[in-house]
Amino acid sequence: MLQIVFDSLSLGSLYALGALGIALIFGVMRLVNFAHGDVIAFSIFALLWPSTDALAIVFAGQLPWYLLIPFVLLIGAGLSVLCEIVVFRRFRRASPATMMIASFALGFVIRYFLLMLFTSRPKSISLLPMLSQPVEIFGARLPLLQLITIIATVIILVGLTLFLRRTRFGLEMRAAAENFSMARMLGVRANRVIMGAFALSGALAGAIAMIFGSQTGTVDIQMGASIMLMAFIATVIGGLGSLAGAVLAGFLLGAASVIMQVVLPVDARPFRDAFVYGAVILVLLFRPQGLIAARGTKERV
Amino acid sequence: MTDASLSTLPETLANPRKPAPFALARKTIITPILLSLLVLAIAALTVMLGSRPFNQAMIDIMVRVVLVVGLYIFIGNSGVLSFGHIGFTCLGAYAAAWLTINPLMKKASLPGLPSFLLEARLPYWQSAIIAALFAGFAALIFGKVLMRLSGIAASIATFAVLAMINTIYSNWESVTGATSSVVGIPIVRTLWPYAGAAVVAIFIAWGHAISRSGLALRAARDEPTAAAASGVDIPRERLVAFTISGAIMGLGGAAMAHSIGVVTPDTFYLGLTFITLSMLVVGGMGSLSGAVIGVLLLSALIQALRWLEAGVPLGSTTFALPKGLQEIALGVIMIVILALRPAGLIGNREITLFRVNRNK
Amino acid sequence: MSLLVLANIEVRYGRLTAVRGVSLSIKDGDTVFITGPNGAGKSSLLRAIAGVTPASCGTIDFDGYNITGKAPEDIARLGFSMVPEGRDVFGSLTVEENLMVGTGMKARDRGWKAKTAEDLEAVYQTFPILKERRHGQAGLLSGGQQQMLVIGRALMTNPRLIAIDEPSLGLAPNITDQVYERLIALQSLKALTLLIVEQSSTRATLVGGRMLLMRGGQIVLDGNAREVGNSAAVQAAYFGYEDH
Amino acid sequence: MAYETRILGKTRLLAMAMAAVMAAFPALADDGKIVVGFATAASGFMEAYDKPAQDAAMIRINEINAAGGLLGKKIEVVSADTKSDRAEGAKAGLSVIDQGADLVVVSCDYDFGAPAALAAEDAGLVSFFLCAESVKAGIQGVGPHSFSASVLAAVQGATMAEWAYKEKKAKTFYRLLDTWTEYNKGICDGFDWMMPKIAAEGAKLLGQDTFKNDDASIAAQITRIKSLPQEPDAIMLCTMMPGAVSAIKQIRAAGINSMILNGSGVDGSYWLSAVPDLSNFYTPVQGSIYGDDPNPDVQKFNAAYKTATGTDPSSQYVYPGYSMIDVWAKAVERAKTTEADGVVAELEKMKDEPTLFGPRTFTAELHHQNKARYLIVGVDKGKPGVVGSWTISEAVPMSALVK
């Protein structure tokens, strides 16, 4: 039982962090950023030296962990900010559909750039191998990594909350997320806030990449896609624009997935995702604005 | 923004008695005719001049025209982005497979099918019609539940439908063959049936757009409050569009099945969803002409980049793009087009003979 | 001296023209009402000045700077504070956080912290209810309190001019009275310029000041509120045939 | 009007483009040479799988050409890129056929190769899947002229089950299936067929579960294994890259030390760094890439491959490409023609035809291997090496293959 709680939490952590990255950007510019998954993939590939060989040539991946983690976070944040400056800045006045397709096209560009450098073959990388040991807690024997994932997520969430609540930048960002044009009329600098949101979101992508990479030991140009999809769904059922909602929904999705896997009979287990998505539709029907509707978020899509 | 909102409602809504549709039909029929002529002209040129791979490439493009026009019927008219339509394509493709594969093969590979399907072996055009009806029916059922939603919640709900269809079709061993390819679908390699399907889709889209329901839906897209106030039942009109577009997507699915002779669930998932959506948005989401021209231009672009990648002789040397650059270039060009023309190449207009109409 | 000068402003939404060729000059320290029927283009004009929906043609000067086509935040930083229609408080933020959002633009100035604390205290003095609820969520305030909050929030930016769109919308008459009372008191206290959009001319007639009447995207009447307030032209503007 | 001219301009462009295509692909059927057409992925994600096998095929083609060619003619090679896309695959197939291919080689994976193979079948040509391991890559899916160069996935599952029971004395088994692809299911199908046979002799299936290759975590599945009353002796893991590494890593990280049995899809040392000190891990392979193959000719081939491509073989999936050209060329020699029916008839006569990578048999019912000799590669403390060889006691019957 306890094991199931841990399983749900660790899977939910990934979804929650992903959803947070998407909600941050959606909040300030109504952009559903489909390139987010590719930012995740990119941040982890940055640890490898470009090569088309099957064997991965580890480059920055050999750094000690206290350098490795900031490096990956920086790469994510940097790429994300770059996307904003080069691409999304030109779409400020575009409709959400147009922005969404542009973000998809951008993700496509990043993915094929990686493909060109590294080929499509999944590469293996041993990140933080010391985390692959099992530990025992309250009678549940779980991989250290699972525990670290949960702890890291909690730290990130607390840190982000403090940042948003205690700093001026956080205040401006929250105001902008709720009503962007009003915030601008109060002198909040649009570009600065949006870039900040992209940087945070990118750093979150880097964090996911780290966790996911050390959990799976593989890097793959598609690796961000499945998390991105779940995160996207979590953002919507959480209530678009609501950061708390995104996190909550992320954990709920994780729990739903794990619990379905546990309770479904073996023949129905391959259909697990159909049940999860069915639940998503139900939630949307009963709460179309999401679990925690962001106040003042007008329907613009 | 609320200034003068009522005036943008089409006259037909303000004046329900006026026999406007026929006048409207006369005024606008030139658009589908021109688009169809364009499609047929390309088909004719291909049949006269093209090699077999080129013919196959054109078949793909015609299938895409059907799919993107199908998307336009719902997305363009309602303004609600749907990620789920490719699910109906999947339904259509498998329905076509069930109806046309040799019964002997079906008994071996898809034993779970009901007996009337196991025995069936229809010509491709009949199967395509039934596939379209089946997909339309599925769209009706799903739409009944989903059309209450709007905005991004609706988009996600449609995506959930796609994911559900995909999960079920990927695992229902005895009926869909799960993830394995279903083979034995008769392959139709002549271009004309596909061009015909594209023309049919274009005319259905036009017919819907000028129908009362289509007009009401577009009015609701542009001015939801005003439209609701003048008695437009938005969920109902959306459902009509959703059903029709679902049927067209099903038709496209059947066409796809017959064009390569193999269906698998993962063909009908995110990749196809995004490429068709991109074509619609790049062409112009709110316009039928945009849908058709988006497909033709992006497909032409993709082909051109592929030829460049394969190498083009320039004098004594061969110029070739490095491998993989084709996709990158495609993404970049799409971004540039959208940055320059956020409403798409055609925007909200339709092509006609004499002038470019707005909003029809 | 003119604080705000508009020359030949036009605002379009697609093929719809909301404001056609408005020219106007507002003196420092004035109280100016813009009135007119629904759809006359009043809000569009304000939004154009604030840079939210840029004018499609014409020029706007504020405090001697050409602000045509400038971003809203840059216009705000020059001392133009906009209070849009529908109040737009940041509902999930606390009252005090709402008040603080606009203070960031001076954050580099010396003595900013002390100045901000002082400003905050001044706003609380003007609107004691805000002090009482300062740690509560702004979204939970009543309509009148929210209106006070947005005015207080605008004041926190130390503006030269406050533009308010429909301050009385959805408020009970006695609350509206309170809001106006405070506004007028503030104006004389801080030498503010007020630009107020109201659909009805009644309030303008009561408060006094300059009154502009808009219809069909144009200014059709300009004069002292008490004098033109109920003239035949005003009646015609409201009840006459509309065609836009 | 502006749009009218634009459209006219576009059609003109298309006409020009079409002319360009026609010039690029002249439809030739020259009998003076033998053409092998590769409708494989030269880009996109299948490239990583198609390219190595195709390189191996080229080595055999070059050897044949160096030895004087086939039926006295040189083998020419044409190719078209499927871009790892099914619709493009059909085009690529038609394209190499138009270039006069006598043999159409299609993508490694059944799903991606089928469209091109169907095009070849339509044109009455022999088609070979580079390394597809589904029974459908052949008569059952494409038609009577289609073959696969590899061994059925089911044979891998059956081999591992029987070998683990007989050689490693594994008594209790657990089955973990990744439902992502047909290949994965094929491995487990073979395991399912073998399980009752060894169960009759005392083995036991403790339980089973499924997951999906791109699942972010398989924690729930692992919890189910851990809640078994006893840890299974062996876990049959029916999966493939990239999810396989993730699954293996998570299984070991959870402290489960059971023997892990796999399909050939996880062969290769390139990923082993992801699971430090991996042990008790076994994979069936057609030949060893680790320099310890009992057949010295395989080691010679490995060297030739390195000379040709600059890298060592990355997994056993390079080998089927070589065997493919080998058996096809033998059939052509025997039939004295490249004409499809003759070649097919000769191929179907092959029984235990020796190749560098084990004997090959084709029959009129099955153009695929339902029984094969497999080397077993074991990984011990992160070091892979051949630990044995096994051939299943009886061929996997059609009833277990076609469900």
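Letters A, B, C and D mark the chains as written, and numbering starts fresh at 1 in each.
Convention: a residue touches a chain if its C-beta (ideal position, glycine included) is under 8 Å from a C-beta of that chain, and two chains touch if they have at least 3 such contacts.
Everything numeric in this text was worked out from a predicted model, so none of it was measured.
**Q** Go through the assembly and pull out the chains touching subunit A as well as subunit D.
**A** Joint contacts, listed by label: B.
**Q** Looking only at C-beta pairs that count as contacts, which pair of chains has more of them, A-C or A-B?
**A** Pair with the higher count of C-beta contacts: A-B.
**Q** So, comparing C-alpha centroids, which chain is the farthest one from subunit B?
**A** Result for max centroid distance from subunit B is chain C.
**Q** Could you state the distance in Å from the CA-based centre of subunit C to that of subunit D?
**A** Using C-alpha averages as centres, the distance is 72 Å.
**Q** Let me have the rounded angstrom distance from the C-alpha centre of subunit B over to the C-alpha centre of subunit C, please.
**A** 48
**Q** Subunit A to subunit C: how many Å between their CA centres?
**A** Taking the average C-alpha coordinate of subunit A and of subunit C, the gap between them is 40 Å.
**Q** When the centre of a chain is set as the mean of its C-alpha atoms, what distance in Å lies between subunit A and subunit B?
**A** Taking the average C-alpha coordinate of subunit A and of subunit B, the gap between them is 31 Å.
**Q** Can you pull out the residues of subunit B that are in contact with at least two other chains?
**A** Residues 170-171, 323-324.
**Q** Mind pulling the subunit A residues that touch 2 or more other chains?
**A** Expected reply: 115, 225, 270, 273.
**Q** Residue numbers in subunit C touching 2 or more other chains?
**A** In subunit C, no residue touches two or more other chains.
**Q** Applying the document's contact rule, which stretches of subunit B touch subunit D when the two form their complex?
**A** 34, 38, 41-42, 45-46, 49-54, 56-57, 60, 108-109, 170-171, 173, 178-181, 183, 187, 189, 256, 259-262, 264, 266-267, 289, 293, 296-297, 300, 303-304, 306-307, 309-310, 312, 323-324, 326, 346, 351, 353-356
**Q** What part of subunit A is in contact with subunit B in the complex they form?
**A** Answer in residue numbers: 32, 87, 90-91, 93-98, 100-102, 104-106, 108-109, 112-113, 115-116, 225, 229, 232-233, 236-237, 240, 270-274, 277-278, 280-281, 284-285, 288-290, 299-301.
**Q** Could you pull out which subunit D residues touch subunit B in their complex?
**A** My answer: residues 1-4, 7, 10-11, 13-15, 17-22, 24-25, 27, 42-43, 80-81, 83, 86-87, 89-92, 94-95, 97-98, 110-111, 114-115, 118, 122, 134, 136, 140-142, 179-182, 185, 402-403.
**Q** Give the list of subunit B residues in touch with subunit A in this complex.
**A** Going through subunit B, the ones touching subunit A are 81, 145-146, 148-153, 155-157, 159-161, 163-164, 167-168, 170-171, 270, 274, 277-278, 281-282, 285, 322-325, 327-328, 330-332, 334-335, 338-339, 342-344.
**Q** Taking the touch rule as given, give the residues of subunit D at its contact with subunit A in the complex, in rising order.
**A** By the definition above, subunit D touches subunit A via 44-48, 84, 179, 208-212, 214-217, 219-221, 223-224, 226-227, 241-242, 245-246, 249-250, 252-255, 268-276, 311, 314-315.
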